[in-house]
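Next come two complexes, and both contain chain A; in the first it sits with chain B, in the second with chain C.
Showing the complex of A and B:
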């Protein structure tokens, strides 16, 4: 069994054990008067460990272990705290604006984490299969270069084909103007680029030899641009979820602290 | 009408002389100096006459007392002959790294590591004054067009180290130059009028080829100083007695293949996309009679097999590895069913090797091996890929595409190559950020590079087994942290000459303009920015290993010795 499959199985096993343990504890201690405090404090401890993973990332020069190990712990603990969160809520929807906001933040942080996990397990393989590896930050410059090349071919001083110029103005100008088909690429649809290539293919009927060569080059440029859009779409998705996950984590932690203060304030700190 | 082609004289070997200032008087003087005075000019071919070898492959250098001629651990491409004055070799103990312009070794302590949190500057590549002005025990002086590093306190060195003086007529540095091994000693000028003749390796190779006395002299030195200990340490010869080892040492032949300065040529070929195994010098041809086993002493070689109209790579081997043992052992066992060489061996870049003749193998070595250590007889003959013996089974381990990719790009040179699994890499750049955080806010690599399938070799220093970047550093700033250790640059002694930057065939070294603590660029008296060479140092000062590898959340990045394909195969099959 390879390492990643082993990680997956050990993760699933840990999750099942944690679920059974949590459910048993829930059944066993549910009647305790301070049960909500117990689950709350355990939940807070779990959330704290989850949050400090980002601190580990900021201190790469300290010998704090491999980020890979931290991520595995982060994932398993993330599932566990989600379960604990439901137990803490007693499997009921919260009431009141503050509690609803707190719960919503938890759901969003947890949900974005799961989306991130799904993306990070699925999208890299798709990017590698597609090929044409490109650094995300270089995509705008490369796209600009392709646009310039396409414009010169279709509209430049040496371009003499009104058919190509018209097709460019109507269909290609917008395609080359910026990133396109974000969602289509994410769901692996090639329809948009195929339509453009088919349109260029149709132009061959009206083209002489010189124009056919230009159409070939334009087709190649469309494919390159489509490849860039594909990389942008998937690489952006691999980054965007973090822009939800991390800021909301800080919001969640602030609301959690306020929640503790309020709970203790209104319970008199008796427990 | 097409433009007329530009007509040039075909480039020749001596288009660029070692020293363009060598005069007829210099050459005449050297022709009357030993050992050249004893050489028979008639034995040299017309295309490479002795006079022209002296004029084009040699240069006369003058050193003042204390100036370092060569440093232990450096890689040099030339040998030296003392013409006048004296030089001194440091025997024991070795000089401290700081005296050779190198960085003080060792990991950062807990406090220094934690202090990194507070001391981090916002601007990249900030060099505080204490680093630039650190007292290293050496100083540099400009001598004509060259920078010379000199030892500041020679009497103290003489007092604390065992040394030996060498005088006019003595040779040194020839073994390291010919075998492309690290220099084994530090030598400095021992008189103010020291005059040395530096002979680049091409010239030395030709002199040895056409002058029997020099060849015998250098071979004798090689056998005495380097060969005996090397053979003793080779596992294949572990059962031999002293007498047998002596006989073996006497019968071993030396050979060099390929181009010593392969990095420049390789860069050119790689850019034109014409790196082809068929163009590499053949050491042993497929189908040849097995004349002996080949022991690689330095460099790399490709094991290939004819396939269609080309050659397909089966494996590559590096220093310490053996080729041809299977065929010789087979023929020793089955004299009536002898086979020829099953595969070709071709030099990649530069290869220095030893050949143990078949006769000696059959008489001494093979009988000394226990049955279990003898390779099994070859069952099938060439042309059948399944007949590949275990050492050529790399193709099956990592796949044909990956093997060709690693060989074409010469990545096997890397002992700590940054390998990225694109199936796992989320392109999050945590590795880049970790590197920048650890190294003055400037990442020392690019998370991009050539790829084959799911494998990408990032543009990071690979800490090569054959570090061509270390050839020619005038101050010793680029050096190995320890023998066969990480290749690092000491910013205090780097003078920004770009020698390593130009030599690196993998473009893994970058020149950066350094800043002061305020973030302002440091400039010289002419207001030109001061540049230093930077590259990955494998986080040699930090605990826990390279931060890039530790920072990868998905286990997609690793630092790996690509000379061992087993680890790559295991990693890919995780």
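Showing the complex of A and C:
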């Protein structure tokens, strides 16, 4: 059993045990006088640990344990906190504008985290299967280079072919101008690139030997650009979920603080 | 100390720094400058080199030397030491990391701003922070009027001290809550249902807790009555009642009530059965005879006498109106004392009226004869009075017979007969009533008592039970004695009011906890 599987099994085991324990405790103690207060504090503690993972990443120089360990804790505690959230809500839908907003924020943060976990487990494997290691930050420069090569081939003054130039202007110029087919790549659809390659194949019947060589090169460039777009689409997805997860986490914490104030300020014990 | 070295093909000259906030504006063209933008996103590009001033011994002015990477340029440095080949500045672009940071700050700022705006505006605040709709009794026009009378805030402040204040007041109220925010031990060990500070707000309008047992332990109002659950306040559940009634320790102080969890399981039998109570009514009534007797006549409409003829629901439909002689009995029992003159009937309801009527019999016969257009009125009266004297003797004897006799003038089968000349013969008041003689010999009739509500601790609504027959619950057909209390046993109710029967079987379905009412101060 490799390390990843060992981590997975131990994490899942801990999660299952914690879940069963939480459900048993819920059934045993849910009639306590201040049960919602107690589950709320436990939930807050869990949310706090989850939130400081982002802080931990910003302080790599401090001896706070391996980031990998923190990530494992973050993942499994995230699932467990979702259960705590449901227990805190007593498995009922929230009522009122503020509580609905608060619950919605939690769902968005939790949901985006699960989407991020799914992406981080699936997309790297797909990228490795497709092949070609590309650094995300260098994709624009590589795309620019491919565009230059394609323009030179299709529109260069040396032995210019009107057929290729027209095809480039009509169909390839837009394709090379920027990132394309974000959603298609995410769902593993290659229809757009295949259509361009098919269009280039159709040009062969009107081309002489020199033009056929150009078409061969253009086809290779289209495939490279498509691969580049594929990498951009998947790598961007691996980064974009954090645009929901992290900002809303801080929004959630702000609403949570107010929730605590309101709960104690308006509870039975308030004077 | 181990340190990982970069891979052999690592391009140190073209190193991407994704953890920095800005990247060169020409990076997308593959021509990023080496220094890149500064931390604030300003382009740091100046010129291709930074010339160095070389001074030979004895020289004062010296000579600027080009330091361009890849070799000195043809033109060389400018006379003032500047490079002759300046680099055009770019517009650095933010990295995803910076954009994410900005979005995070925007979300934080927006959250704070939104909450401050809402909390600072009372109408928005109350609507936003309310965890659910207030029940109608606490939010309608009647509540507003009562709150005004009692000098209360008509909004959140009627119940919550913090509801009268802004953000500062909410924080202050939270910090002064008991148990306090961080008093986890007290939060964890607090006893359920213990009255809290907010109960005092309830008592501003509700006159005390008025529990069903004076010695019951004090229970917080909100333990049973959860507000903010919608227009209708959530019904009290069995769990609320079982807090005491399901707890043997708490119920140990009660000698009368055992531990109860569910109606169908361990609710005690009704006391009228366990204590074998009897109906104290002195009226003599035989349900069996009236419902099944062969001599019971048809009603004027031709229908058979049934429960519904005598037992009519009241306006609300919950209970039955008391049975009334004029409405329910006289149709058969017309109090006709003379078989030959069915038009003459004794009055009902007062001994004095009956006595007066009997003493005015000559006048009654005379009026009857006149009304019927008899030719010889006096002769008719004389003949009737003579007949009565022959049968009963004196007028006093007749009066004694009317009040005290239980015998019938004709066959018993004709007592209630509606047909023909022998319609409803009158046997005497004592046939139905308890008639006793006073010391003076005058009759005394015990007034019938009709108990409207036998199970005083429980609610019942006949209107909700119209889909089942009367006999299902009331075994009247086998009751020959007025003293029989014709109510069902607990098991009969539990046939429907149980999880098996599928009809609500909560405690609150039948019982009230409070004897409460609102007060205006």
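Quick note on the criterion: the second predicted complex is superposed on the first by the 266 of 271 C-alpha atoms of A that agree within 3 Å, B and C clash if a C-alpha of one lies under 4 Å from a C-alpha of the other, contacts with A are read in each partner's own complex, and residues count from 1 in each chain.
Convention: a residue touches a chain if its C-beta (ideal position, glycine included) is under 8 Å from a C-beta of that chain, and two chains touch if they have at least 3 such contacts.
Values in this document were obtained by computation on a predicted structure and should not be read as measured data.
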Touching partner for A:156 - first (chain B), second (chain C), both, neither: neither
Of chain C and chain B, partner touching more chain A residues: C
Partner chain in contact with A:71 - chain B first, chain C second, else both or neither: first
First (chain B), second (chain C), both or neither touched by A:63: first
Partner chain(s) touched by A:239 [first = chain B, second = chain C, both, neither]: both
Partner chain(s) touched by A:135 [first = chain B, second = chain C, both, neither]: both
Intersection of chain A interface sets (partners chain B, chain C): 135-136, 239, 242
Contact set on chain A toward chain C in their complex: 31-34, 37-38, 41, 94-99, 135-138, 140-145, 239, 242-243, 246-248, 250-251, 254-255, 258, 260-271
Of chain A, residues touching chain B in the complex: 2-4, 57-68, 70-71, 119-120, 123-125, 127-128, 133, 135-136, 235, 238-239, 242
Chain A-touching residues of chain B, taken from the complex the two chains share: 113-114, 116-117, 422-428, 430, 433-435, 437-438, 447-448, 451, 453-454, 456, 539, 542-544, 547, 549-556, 573-574
Residue ranges of chain C touching chain A (in the complex, touch as defined): 16, 18, 23, 27-30, 32, 95-96, 99-100, 103-104, 106-108, 110-112, 115, 127-133, 156, 160-163, 169-181, 184, 187-188, 190-194, 196-199, 220, 222, 228-229, 239
